[in-house]
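Some notes on the structure that comes next.
In order of appearance the chains are A, B, C and D, and numbering begins at 1 in each one.
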Amino acid sequence: MPTDAEQACFEAGIKFGSLYHQFAGTPISLDSADSLATAMEEAIENQPYCEAVTVEIRREELEAALSEGPADYTEFTGRFAEVEIVVDYEDSEVVARMEMDDGYPLMALDRVE
Amino acid sequence: MPTDAEQACFEAGIKFGSLYHQFAGTPISLDSADSLATAMEEAIENQPYCEAVTVEIRREELEAALSEGPADYTEFTGRFAEVEIVVDYEDSEVVARMEMDDGYPLMALDRVE
Amino acid sequence: MPTDAEQACFEAGIKFGSLYHQFAGTPISLDSADSLATAMEEAIENQPYCEAVTVEIRREELEAALSEGPADYTEFTGRFAEVEIVVDYEDSEVVARMEMDDGYPLMALDRVE
Amino acid sequence: MPTDAEQACFEAGIKFGSLYHQFAGTPISLDSADSLATAMEEAIENQPYCEAVTVEIRREELEAALSEGPADYTEFTGRFAEVEIVVDYEDSEVVARMEMDDGYPLMALDRVE
């Protein structure tokens, strides 16, 4: 039988994969970034065992990407956000995070209790 | 060469397909429905030639679906929203709509000018 | 520090969330079901630590859904597939599964070693 | 009332938006590219009025992208494919195309009859 901590880690992974692959590709601009971040947080918080989702848009990164191209919007992808997800499963709490690592978005366990 | 009206219809179709297939499957509850609707509107309004997107959540339909199942959220799909999109392409304006038709969501041109 | 087993469970969750939310909503018919299943398997097997993904389309369920509606296709959702994912992380191996449970698709850890 | 050609253009747009936003973000490698292309074709061909969908993976572009990063896969996006879609609506036939234009994927009507 999996431990509570293992179950919590599995659930945290589900939330990250869901968030990323549901919303990757969404048209995003400086003006629409906040409503997308809020929708991502509230949508994923619906999922079981999910205590909190925090999506922080990396606006400088978004501005930099937009300045390279001809349009005032682009597609949402991992370089444009930092995400923290807290999952509680029975007696275990897991905090996981998506951050940039050497130019690539990396999802990682931050804390397992 | 396509006419302006044909181009406007093509662009309106792109917006509908984008909205639907970007957001179908998103976890949605009565509490998170509004933020999802706002994000859908603002995301698709970023696309070229798109003047306005209006997403109205059909809350009774959502409540009915939730009352059938064990969870307080479900997956976003066409039965839970009415959508109107306005596209301007050069001298042409197109209004298109997604509504329920005999139990199925139907995307249709409403007005081509 | 998370254990290898906890890391493996987190990675297995990512794969499930990714698979589901990338492909939910895809138009699917009896004819196109196999190519979608293959694409899901091969796409998710690209992800780190993912040893194997098996997607089995539940064809009777798909036939039943199609017989209720006017079209010969519908949208892919969890009721139309059973999925097994194997993740290896260092010395740990995890097998996870999505199956129907009382009419709802449930993702669960099957084995953690 | 919209003309048949306008309806056909609207339907062609729906197919493009659907294809792009359903599959953008899918993990793709040189090995899995073909199964993804086939699934995209067969999935979208299910949609009404859709006669044919052809997805050609731009393998050199995919190789170039993979050589820049640390992983042997990346996320599917418009630069990795050329897509042609044929829609028949009553007496009208429309051919539309997604191609790279100055570094950006552009969806355009090719022929309206």
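Please note the rule applied: a contact is a pair of C-beta atoms (placed from the backbone, for glycine too) under 8 Å apart; a residue touches a chain by one contact, two chains touch by 3 or more.
All values derive from a computational prediction rather than experimental measurement.
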item: More contacts between chains, C-D or A-D; value: C-D
item: Distance from the mean Cα position of chain D to that of chain A, given in whole angstrom; value: 27
item: Where chain A and chain C are represented by their mean Cα positions, the distance between them in whole Å; value: 20
item: Inter-centroid spacing, chain D versus chain C (mean Cα positions, whole Å); value: 24
item: Per-residue overlap in chain D, given as positions that touch at least 2 other chains; value: 18, 20-22, 25, 71
item: Contact graph of the chains (line, ring, star, complete, other); value: complete
item: Residue ranges of chain C in contact with chain B within the complex; value: 20-21, 24-25, 69-71, 75, 77, 102-104
item: Residues of chain C touching chain D in the complex; value: 18, 22-23, 25-29, 31-32, 35-36, 38-48, 71-73
item: Complex contact set, residues of chain A against chain C; value: 2-3, 5-7, 9-22, 94, 96, 107, 109, 112
